[in-house]
């Protein structure tokens, strides 16, 4: 028992102190806020019930009722009292359950009520990355990126979710609960980010080898900054000028890279892997596994199978200077 | 019990190899290329010469490789010319006609070096181990791969039975690959 | 009718003295000692013992795989296990614990104790019983041998399509999983039917419905759950095999299939499955509490009714495993309601037990300690269950470590702790020797502490965003310390099971002898020797009370007139257990084993070719025919 | 513990019919779980129909004739089946033998019809989900036809041997009971496979 108390104390400390970048207890939007509150209400009620039962049990075990010689000799009065007590608690349980169900249902109605979204984003889950497309009216404005979702602060965002291989689940805990991405089906999830920031999310449905490293980040920007980001992303990749990056580009469009990746404005146009047109403008690489840096890019290009075993990007043999210039080229894709 | 044991034992050895999931192929970096005399680019006449080290044979014994090959076959748009194996602007891969040889080494060579009349060379463009995976899948299309290794249907529109259910090729085709005359 | 003839030709137990009776009954009912005779045994105690040992053997394997996973997760980005091996391990862990341990071990205890508790001499359809054991054994070996051959399934115990489908699971791994299902389901279904018929027809005269022990009631309800739940997963796994082997399109959206069909079928089985594991445990709790509170359990009728209510409700819950698949909101809300409603009958049971303990002077032996641990842990699990039942909350905690914590609190707290209590409670009856109390108390303490240290932190990890089934996690996520703590707890928990093993081995050798009724309990299994003789009861008892041994302190009322030279048992009416016929229980036979081998061979082959079903059906048909064909023994001819 | 005899059962028979016989209850148990299997297969059929805009997918509804003939034959078989059951309860060996032979023949005919049915389904199992589920449901019922046929054949053979007495009559009656289920299960499946696509 004492052990338990210590542990609960530890738990409380932990929860109060916790602000993990990817935590349901660290809400950064109205939906997540609501969910967190609902969670705490349920926790409070349930803990209270558990505690009550434990106390009654302990007392019952501690108080030594008079020993009976014949186990079948039951005291009518005591039995009747037990009947009353038990029926009372059962009724209590029933009422609690009804109350909690009602509460849950009300929140459900509020949380999932479809809102007029300011912006709609199509997210496709693949093994093991996220393809992100911004639906705009003008076809020249088409924006494609990967593993990163930029959203305007304070605006309701709708995310249309689907998958092309296996089932994945879209989950950014500090913004909203999760929703599955299922082949041959489209689900829609809505959320709003209250304040600017970077919120990490992760695939929550087992999807194979790299399920553990299928992360994504949501970047919430003030509306004007978001607009500039959007327009910059819609542009094709900048032409490299310095020779090293020119060489890098040649390698990109002649070696294995272009077989899977797209860089708009070059001959590389395959849709198998993430769109790299503005690769260097991203926060992370390898689906939110490594922070964006020259060293990490090199490591990833050189040995993806070592960093994420089983990932679909093959180890492509490159000479050191080929690698150098390729990395420079990638770094320049802003 | 005996019977179960016998079956188990017989499957055991096959199973181990079949179920490998080799994630990292060659020692990285650098690719040792299979040293084989290429099939003569002119069809017919005795068919291609073949020299195998045999080391690449394991690609068509590993279910994972064949299924990767099937995935890459789509991703790299081989279907663009060869359709789902039925052939289009490129030759069919499901019949028993193997202009440049049906051995996995010949198929890999065809992919890597390309062939006249449109088959491009994927040297440098497709990593060596992936070439062998695709070659293994093409073997499966031809019905040369054991049915417990060959790939099954994919979650897509029905084109033809999964490779595992394709009929094995007639003897001559598999015995002396390439002898069959081009259409 | 051949009654008269029979009466003349065969000897009845009516006027035999005890020595003669014992000698003749032993000759009739004993299992021989030669290998063939052992393999042919149809004695529910022999088969039950094998069942229990095998299930605990698989528990060890499942536990070891869990330890391996905890070691991998103890540190971020650990390189101990790669994703491929880790995925196989958590699949093996879940599959083994659910299909090869939890369900079989509960049925195993039923196979051993239900016939004793209802006062009969053998389970109904004893040959089917032997068959079901062999099938279970072969299924389990099949799974683990496959694992050793790198063919271990790696798609999770739930094997969601499309991941487990033909495109994304090359090779035979997923087929091994699906076929293992067929093995274990067949054996579970067979046992379920045996138990139902044993309880319906073979109860000792006088054991009316309201005198059935609560454990037997629990197993009866469980058996009905098995019968109505398990066909769902057999249908599903058959569809999966067909998709993979012969290219059907049940789960291929491009050709009109649907991947959610799998989830509906699987969870229609999967949720009742939880109660198939939990309800027997409640029966064990009732048995233990009655014995150590030294009084009958309070509220017999409410307890029975709540068991039945739980049984029914458990079929209306499956969609709460699919709240985040984008199903219609209103539909989900309905399942929230039903999922929470099931808390009421479960609560009722808890309250009745607590009330029993209130009005008693409990004897704190190890079994009761485990029951107390059960209250403590299981109620936490129930409470977190109420949370995940709410659609909004579930969208946050679904498929996270919060859920992992939840169902381990429910399954280990709700099923394994009572089970361990039952082991300490019934071990004397099975072996004739007591388990060591000292080791037992250590066993309990370590299990209790280890469990909570291992699993409570997972609640927090889940809320902090750690998804399930990840083979590792990034250091930046800040999950390291809690995972380390959890892994430490896992090791302590594992140690407690090692202690149990030690205790069992030592006590089985030189534990103090138990005698007929070491706990002075009230139900019929304590009315015979420990371990029970091959024929269970020298004369079938006549039941006068819910707790017969407490009601008849001096002498046990029995019925007479059964033949002692053939395996006769009494079969009676459903409600009143009024004797109708002197049913003959089948003799030992090797054919169930041979039939099991034929069936196993067929299933194994059907992984590779559909034709295996065709050619396999020939040996199966032959063995089954030989199994049922009369041997000209008196049993058959009457 | 001392024993105190309170009742003597020596006068009881050693076997019975219907709900008296444990085997009957066992059969009932299997009937229950197989009925559940049929129900779930039917549920899967309706579910797939629900998620697909057009049903049947890409093919016209199947010709109902094989199914109808099957239905007629099965319904017709109820009569000899009932007679076999009654003969068994009367322990009238010659009539039991007669009707078991008749039932075996009918069973073989039914299996034959099922084969014909499979050949005349207008879709392959691997064409699309519709084909898959139709083959699945038909196959599921076919296995029941075949198993009960096997059971009937063995019993028929048995009743021509020296073992044909006592308890065996009860087995015959239980087998008849199972056949009722096989017939009864076909009626809803017939409506499902041949009726639903025409809705």
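Chains here go by letter, A, B, C and D, matching the order in which they are written, and residues are numbered from 1 within each.
Here is the rule we go by: a residue touches a chain if its C-beta (ideal position, glycine included) is under 8 Å from a C-beta of that chain, and two chains touch if they have at least 3 such contacts.
The model shown is predicted, which means the values in this text are computed figures rather than measured ones.
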Inset, instruction - State the pair with the higher C-beta contact count; candidates are A-B and B-D. - result: A-B
Legend entry - Chain nearest the overall Cα centroid: C
Inset, instruction - Could you please state the distance in Å, as a whole number, between where the Cα atoms of subunit A are centred and where those of subunit D are centred? - result: 51
Inset, instruction - Round to the nearest whole Å and give the separation of the Cα centres of subunit A and subunit B. - result: 40
Legend entry - Whole-Å separation of chain centres (CA-atom averages), subunit B against subunit D: 48
Inset, instruction - List the centre-to-centre spacing of subunit C and subunit D in whole Å, with centres computed as mean CA coordinates. - result: 30
Legend entry - Multi-chain contact residues (two or more partners), subunit D: 126-128
Inset, instruction - Indicate the residues of subunit A shared as contacts by at least two other chains. - result: 183, 209, 309-310
Legend entry - Multi-partner residues of subunit B (at least 2 other chains): 21, 23, 153, 155, 158, 161
Legend entry - Chain contact topology (line, ring, star, complete or other): other
Inset, instruction - Would you tell me which residues of subunit C are touching subunit D in their complex? - result: 1-3, 6-7, 12, 14, 124-125, 128, 189, 192-194, 196-197, 200-202, 205, 227-228, 230-232, 234-235, 238-239, 242-243, 246-250, 252, 255-258, 261, 264-265, 268, 516, 527, 538-539, 542, 554-562, 568, 570-571, 574, 579-584, 621, 625, 628-630, 632, 636-638
Legend entry - Residues of subunit B touching subunit D in the complex: 153, 158, 161
Inset, instruction - Sort out for me which residues of subunit A touch subunit C in the complex. - result: 3-4, 7, 11, 14-15, 18, 20-25, 34-35, 38-39, 42-43, 46-47, 49-50, 53-54, 56-57, 60-61, 63-68, 70-72, 74-75, 78-79, 82-83, 85-86, 89-90, 93-94, 97, 100-101, 103-105, 107-109, 111-112, 127, 165-167, 169, 171, 173, 176-180, 182-185, 187, 200, 202-213, 215, 289, 309-310
Legend entry - subunit C-facing residues of subunit D, complex: 1-16, 19-22, 25-26, 29-30, 32-34, 36-37, 40-41, 44, 47-48, 51-52, 57, 125-133, 135-136, 150, 154, 158, 162-163, 165-168
Inset, instruction - Would you pull the subunit D residues touching subunit B in the complex into a rising list? - result: 126-128
